[in-house]
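The structures considered in this document are given below.
Next come two complexes built around chain A: one with chain B, the other with chain C.
On to the complex of A and B.
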């Protein structure tokens, strides 16, 4: 039988461990790359501070979540971090505008060559790097960390009803001999792997949770919104015009200050969304965002720098390549290969610790053979 | 007082004067053509009128008002439109979007202006959904002029509008410039193609070494043996 249990198992594995993670990771990269490409298109420099702008945005959402959770406000089943996205977007956008006013505007005025502005952006990157570590610290923090309350501080019954009985626990602190209430917000899961296995009898499961769905849907909505903005609105067209030909844009009465401000507002907002959805899924850690700069730049350049469609395609391309190359296909092989031909070791092209080399490789290949990217972007 | 009086302009880039005491004038519904050898400062004179070149001496009057200290952007909003010689369209925007960008500062009457411009340049209407970067040389120059017209200028300045345009299209483009003049717009144009430019011009300025060498009506300049021999060839 062609469509046997083994094939089903193999397909499920591919979906769960390859396609789904690549799509969600690709959405983050695409959102990040969109910001980098927009800034490049309008301001003509590669913004190295973009990764740390993502960290800043995620940090704003995280602090909001901690503050609200800390006074007993939970928004289950909707993740609070998502509800706080507008706050994170606006604050990161304003931060970006502020940085532009204090740093980049000066280099525009003295008409610095792009490489000088890139260096300045590396400086901004380090400052933001320090800022997020000063405010929130360098270690991993979760968006759904366990909260502890003293008795009477929160309405235990209401929380138990909202979050489920298991989410609320009462614990005695023996040091002070007081009772404490511990609340851990559960994740919303549509399909549990274990339940799926039990129901179907397959050895591979199928798992899907709210965050994965939200990540993809949110990314698609933002892509669509951005394209409508760029192609239909007066300001969006003005941004494209300014990106095409700055002098002619000025001669048409387009206000450069406004175009630049709107560009930073959008780039900052995109960074906040990318940073927050990644953090909701994997937790917030500033260094992760810094290291995401490489795949994001790879995505931007693969697609064609300055080209928004390219940034999106590039984001998913880099994510899929990275996941495909670093996945361990041992289980798939064992499902599909005839019995007796089992693979005992790993079946992996590249260890996950080398995943960043994939971005490097993609960059080198693209710059060698098609420096303008898949879609026609500008040459760096 | 004419629509534009640029009087005794001296100035250039980085301390070196490229135009020296050069004067250019044009009135509504007139064409002034600036001709002369390469490096005579023709384009610089035009850029000085727009404010892209700083003047050390001289003044620019638009409708009698002194605009010498205004930025190029402000001069554009006062009704001066400029078509650069190259890079004069937005290549990744469609033809229609290019026109809309020309009308960026206006909130009303954009569609009417678009129709007028399409009536003058029918080919642009056919290609309105195409990216400007895909147009031929002649079509791109037409779009560049059309974009400038969308700003509803009183003064239109064209820097070598026929550069890079196929010879058969040049005549068509000159015809269209004459049509624009008839709507009452003042036109200043810098041209390599001196003979044809002077044929349609009301006034001609022959510039040499940053100065006005000959100034007269287009016809008289064409009839002047000295001018013909030295600057037009034959």
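On to the complex of A and C.
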């Protein structure tokens, strides 16, 4: 640290406020974009209902969490929403297959132009949106919301031991003059910013929690699994063949119904995973998932629509650009610049309010200069 | 064929009349007004979709731009309001000494800030023109890298100067004002009808810009691009408080018809109920006049040589191209014409609710609902768009009370033992709207893809 140039703090800031959020957000986007791209690759239409499918998946796990928490079952330190992921994946996948059977299959049979199918997906979007709002309401609900029990309903001592003393509180309800037990599940944090600061004496801290790690690891596992499935298994190869040339695939004895069903199952499960991990981090709100449709589409097209590698790269690209363009570099500049040259105002390219606009600027640029995306799209 | 029109229109009138008798007449007239406004927007979308097959998912953006025009054209200039306020306060200088002093200071600061704002835009515009000229002049004279670098340098430099000046000016403008509707620039104080036309023109200008960029795209790419652009428009309107007041909303937009309180006083002297009805009827009349004019234009266009050319392009682009028709240009024309109408409709909508609320724009309500209107009404048929506007708006509004009634019955009969479930049901009734609309759209697409009033191809 000489002349007030402080590289270590600057790097810590960059990691904490730029790289880490971009990676977690990018993982969610990439998972969402993978679903959109798979549906496009096999069925040849942009699925506008994907955002609301994500909301449905998140809703399933949220309801499961609320039911289990409601009878006093907590799975701390592992988030319960994560354990319920298989349930959410299967139910969303089955829902997607059901929607395909009732809505999309007809348009495939009469071979209608893609525009009509897109319009039908808008109808599905409306229905799913109404359904999630009808079942769980339009407002924000948290996966670790505070639960209230009456005395004797739960084993207070065991809960206190599992969740920590501070998480379990006893409160007297003066209206009815009864004692209530309030339980709020804490988050698992590996490093607290303040503790790190105290231990190292640096002015920037370093924070990391379980959800961020789980998000990234889960995303990586799913990417790997999907690629192994697509390249090694019979079904995966059949999907790729079908996406490449439908008629040829039919001639080779590939069952189109099965390919389509498996595609929807995977797309639905991916939507459930993306929706749940986003909800675990930021809370569940149907409208948020709808607005995530925009960056997801951007990621899909930037990477090359129909191309799974492209969807992943596109997801991280869009996330990083959004974060880089809307971050305020005042602090990092002041760490790097010598002492006399401090910046007083904001050093920000674009306000955070324009976050979604950034992904669309990328999208428009890509559509204009390289309409097929970074990787050549259209084939799985 | 025309019997279908009679059936549909009498059904529609029956629905409105029933609403009038059962619920209330002012509610029914409100439905008609909103239905007609939606009809204007649906007509614009129908021209784009039915004449040229353009999948415009950015209706919300154009409608919001039209609404912005209402603010920019018809609201009073805030500095003028402040000067007037000062005059009023000066009647009694002793009492208001403090506020007079503050207001005088604010007016000076604000006038300076306004000058700075104009200068900022002058610099920005000059920089843009300079960059354009530099790009033109240097083409084929220096290497492309040098040219790009120089143009980029000019742009960045003028942008830095522009944003520095703008930021200081905006800070003052967003902090000063008098009364409720202040802390932004204000408008020109012109009649609202001019704002409607200007809203259309503003939307058409934006459409021209978008068409230059995105109209060459495939249909679903165009949908995604326009959806994104409409989100960008809303983000700008929400955050540029100096221009649109942002999330603070602009209330008290002027109306083209005499307000309820005017109708209750001299020379009309109507009672409360009648004044409300008269106000709504007059508004409906104004909107219907605009709609009739637009219908006439759309109809004339469809049955003119231009319309035949458009149909030819829609049905077989390659053949039309071979015949020497400029397809890109025609597409752009249609996109701009449709957006003009959508912008007008957006301006009417803001006028009807008498306020501009950027945070209230939601794609489900302002983009996809209009799409349901077009599809259900009959894509390509202008009467279909109007019928779709009225009918779908009716269903959208009535779905909520219908669902509430249905849930109440269900709650009473089946869920009586747990009162919480019944309460939950009645709380969730408003959410039925989207479900009903989605189901309707899916049913129409599946079983009546040509809509309620199918488009008829005119005889050759």
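Basically, the second predicted complex is superposed on the first by the 373 of 380 C-alpha atoms of A that agree within 3 Å, B and C clash if a C-alpha of one lies under 4 Å from a C-alpha of the other, contacts with A are read in each partner's own complex, and residues count from 1 in each chain.
The rule we apply is simple: a residue touches a chain if its C-beta (ideal position, glycine included) is under 8 Å from a C-beta of that chain, and two chains touch if they have at least 3 such contacts.
Quantities reported herein were computed from a predicted structural model and do not represent experimental measurements.
Overlay on chain A: chain B and chain C fit together in the combined arrangement.
Judged by the touch definition given at the top, the superposed model places A:127 against chain C, while chain B stays out of reach. In the superposition on chain A, A:234 makes contact with chain B only, not with chain C. Put simply, more of the residues of chain A are touched by C, taking chain B and chain C as the two choices. In the overlay built on the shared chain, the residue A:165 is in contact with neither chain B nor chain C. An angle of 90 degrees, to the nearest 10, separates chain B from chain C at the C-alpha centre of chain A in the overlay. When the two structures are aligned on the shared chain, A:116 is found in touch with chain C, with no touch to chain B. When both complexes are overlaid on chain A, the residue A:298 reaches chain C alone and has no touch with chain B. Chain B and chain C never share a C-alpha pair closer than 19 Å once the two structures are laid over each other. Of all residues in chain A, those touching chain C in their complex are 45-46, 103, 106, 114-116, 118-120, 122-131, 133-134, 137-138, 287, 290-291, 294, 297-298, 301, 351, 353-354, 356-357, 359-360, 363-364, 367-368, 371. Of all residues in chain A, those touching chain B in their complex are 234, 237-238, 240-241, 243-245, 247-254. Those residues of chain B that touch chain A in the shared complex are 72-73, 76-77, 81-82, 84, 87-93, 97-98, 100-102, 104-105, 147, 151.
Within the complex formed with chain A, the chain C residues making contact are 53, 55, 213-214, 217, 219-221, 223-225, 227-229, 231-232, 235, 238-239, 362-364, 368, 371-372, 375, 427-428, 431-439, 441-442, 445-446, 449.
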